């Protein structure tokens, strides 16, 4: 079952939009506060190049935690599965994304998975390159290819804002450094990580990335294998088990689409073998997920039978 | 890609069997200690009724934690999704299956999910019926129908052995009772729960249950809807996010099949839209999963491309 | 510096009494709800037999957690220091008195100290005797001797009420049983423990017990050594480090008197080498301590220089 | 009961010295590794100026965690009790001194007490002064006065070594910064804190400081009130409830002297109204306390009846 028309999609967006007033725009990063809480846009991208979208698709969002999926793919391409999972675990956790407590209680002290902040910092640390600049460019280039859009860049303003308020991430980094999980300068890693989080695109770009993942890392139009198939599958698995913060379990039941959200209000969705999805709705629920975005995906999952379960 | 012959399957079993000596038979329940650590058997059940098996398929196993999937299905059929998930959460957890700490730290104090012991006890509490006997018979009848085998019963000896050593589960129950999650006599609930865990079958029966789940709760031969489709999907989702204790994340990556294991060494697998799988290998790894069973499923997932990711 | 007159004491009580409306009577045990929240009484007992009191000294209170001090003394007399502290720790904890989480995270799983519920249950378990009745009588007899009042008994009504609502303590007991810290029937231990908590006296009796402890276990009038000196000192140490729940540190700073409180609103105080103190004020603060009682002890500590620091 | 001769003390040291081989010199700070594990020295300082010592009293030690007592006194003198305890708690904790988990779980996120690292960092942050240099000099001057030794300085080498390996403390600082407990540059605070930890003296100096605390902050010889009496009492209280890491409870029972240890192997002891004690024995037990030092204090407490309980 496939979306047939933009009108159809627009109807769903209209329905979901009324949930925006149940959420709040993220305010812990000053630059994110300026987002319009009423926004809601979506794009569906099919392997034949067909794309349906609704809402103001031109609005840009920063990737924030969505970037964790791609940095994981790159680290896996750089180092292989064994090395990466020696430094970060594979298990979901019931703790919040920014928790440090479990790091201490677990032995060995490696982060539970790459989707919580501690794990994502350990992953970004593994991106190869001579300098922050080179490492960032390697990640950005991969993202540009996945979205087939070489104009994608990052917001210097948001990166700076996040860099200045990243004390909890610095705390996590020094903890990881103490335990030998990372061994670079913390400020340098925070610089790289906040740039990564500030990469900017719209929901159309997101949907193209989702489509490549849906087809096991191969661009369905060009047939170029941008990410090895087994790595694309690993990414999708983490999206199911821990992509939506500590609402991942409920999302898997209610929606059933591998997805990763960010506090900017973006959601990257990927329906294996079918299509990619990009959502932008900056009003967040208390778990940090786009409140209207989740409702929209739920409606779509039911209408188009997108659940993989 | 489908299994073509018993010989093919036997080859895989032979390969996986050498991992049995890396595990140990569960010893915390006296009656489980008597299992043969070298055993390994598997059955694959296809919707057309074809069944391939290898190893000593006649060996019986008790369901143990595997039963949590079916008791969840029954509670959902009895009470509906909203009520059940008001009493037990939907999120995976990085804690061990018998943990009590998170119950205390989380507010409200409801168990994180139905696959950890605290959650499974809350679920079994919800099975409707006038008496322990009636509630147990309702669960057993459902299981007999799913396996299409009315001779399935339970081991009184193992149930008694578990009842006598269930102090940690009693501790969990009284904690749940204190917090209003359960309100029946603890000894009565432990009686029902230990009987449920002691339901006995072989891996062939398991594979038939897996096949019904694979086809959204409908028996593919009789076309009878034994479990409503949305409930079957919920069960499969939990099998992915928390079916293999706190190795669920790694299993999803390495194998990618919704599965639920028990400390008896059984694994129930379900490949959506394709087939059901039953495994029995009592030698366990330190997480409590069948060590050779996991290796076998990994080989099969690669050979027959069974991963859903 | 010593209290000179009842009038002096009455003035302090009047001052402290206005704090009663900042607290609430315990309501988790139904029978405790009936206490008068405005009550406040105190008795000071000196080794020469002089006693000053103010407020309605005839009002009875049940010991509740105050009993933990005497059951510890008895267990130490029964088994000696090494055995007892093999089963319960000696360290204060920042966790609430009824916490179970630390039991799980700590290895070995022994309760952190005898003043939290888990530890007190382990201690009561160690009281020697052929039956619950005999063990209870041994404890009661010791308490009667310490208070020099053979009419002290226990409230059957409150014991029953507590027995019926002791699910959290049952949860702790089964956890301890699972880990080999206790090995008797849980219901039997809960029976003994709830009777112990329900032993009834007034603040005058409390002050006599405090005076014996202040003189290292020797009754200052009869010169009989009721508790060995080293055991009396151990009791006073725990009263300082963990006698006032998780406000013990603040109490040590602000008041500096070894003391143990109970949710009935009683406080047993002992000023080493000087006097015993009994307080009763059932309105509790959010930590579970008598809100006016603490204010009264603070004023007295300043006025009579009672702090041991 | 008072020490009568150096010979008497030497005998106790000889007895305690054989425990040194049960411990290990701290190795997590490179510069501390060079200490002689067999060393054991002690000094007792009485208010009349009499001093008894045994062992190699000329050996220097760095204060490490012992400094937490004096920085707390200074912060209290700078800001008063209310302000300081708005930023750091007063409760002992069962967690290790360098734990971060409780910070996260507790609400509000203030450190549990000033003797764990998180709390000590918050306290040092409160020392007033225009610069790190000025703040450090204010602390050093107070310490020189307390020890009546203006030649006391700090080890630049050890300070540097600690600064370079302070990643866990940096992690704690950033966590505290995130939660508004501290608001200065982390590197600056770590600079001040590692200098504070590296202040160098011998056990004779320590015993003089202990004697001033024993007499409520007044130098018994000069009669100058170096620390206000109520602040000196607060310091002694924390030394009892949390001065010996998470062996404080056991130490209070076995020894009963307000004391603070450091990972250098030093122990500052203060017997209220009687004398000060300084110990140096770098071989540590697994809790981080001088293994022979504790044995020595235990023997002395019994021989001279030094326990305050």
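We call the chains A, B, C and D, going by the order they appear; numbering starts again at 1 in every chain.
Criterion: a contact is a pair of C-beta atoms (placed from the backbone, for glycine too) under 8 Å apart; a residue touches a chain by one contact, two chains touch by 3 or more.
Only a predicted model underlies this, so the values are computations on that prediction, with no experimental measurement involved.
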Item to check | Chain labels contacting chain A and also chain B | outcome: none
Checklist entry - Which chain's centre, taken as the mean of its Cα atoms, is farthest from the centre of chain B? => result D
Checklist entry - If you average the CA atoms of chain B and of chain D, how far apart do the two points sit, in angstrom? => result 55
Next on the checklist: Suppose each chain is reduced to the average of its Cα coordinates; what separation in Å results between chain A and chain D?
Outcome noted: 48
Checklist entry - Touching two or more other chains, which residues of chain B qualify? => result 105
Checklist outcome for this item: Listed by label, touching pairs are A-B, A-D, B-C, C-D
Checklist entry - In their complex, what parts of chain A are in touch with chain D? => result 99-101, 104-105, 167-168, 170-175, 177-178, 186
Item to check | chain B partner contacts - residues on chain A that touch it in the complex | outcome: 85, 89-95, 102, 106, 112-113, 233-234, 236-238, 240-242, 246-250, 252-253, 256, 258, 272, 307-309
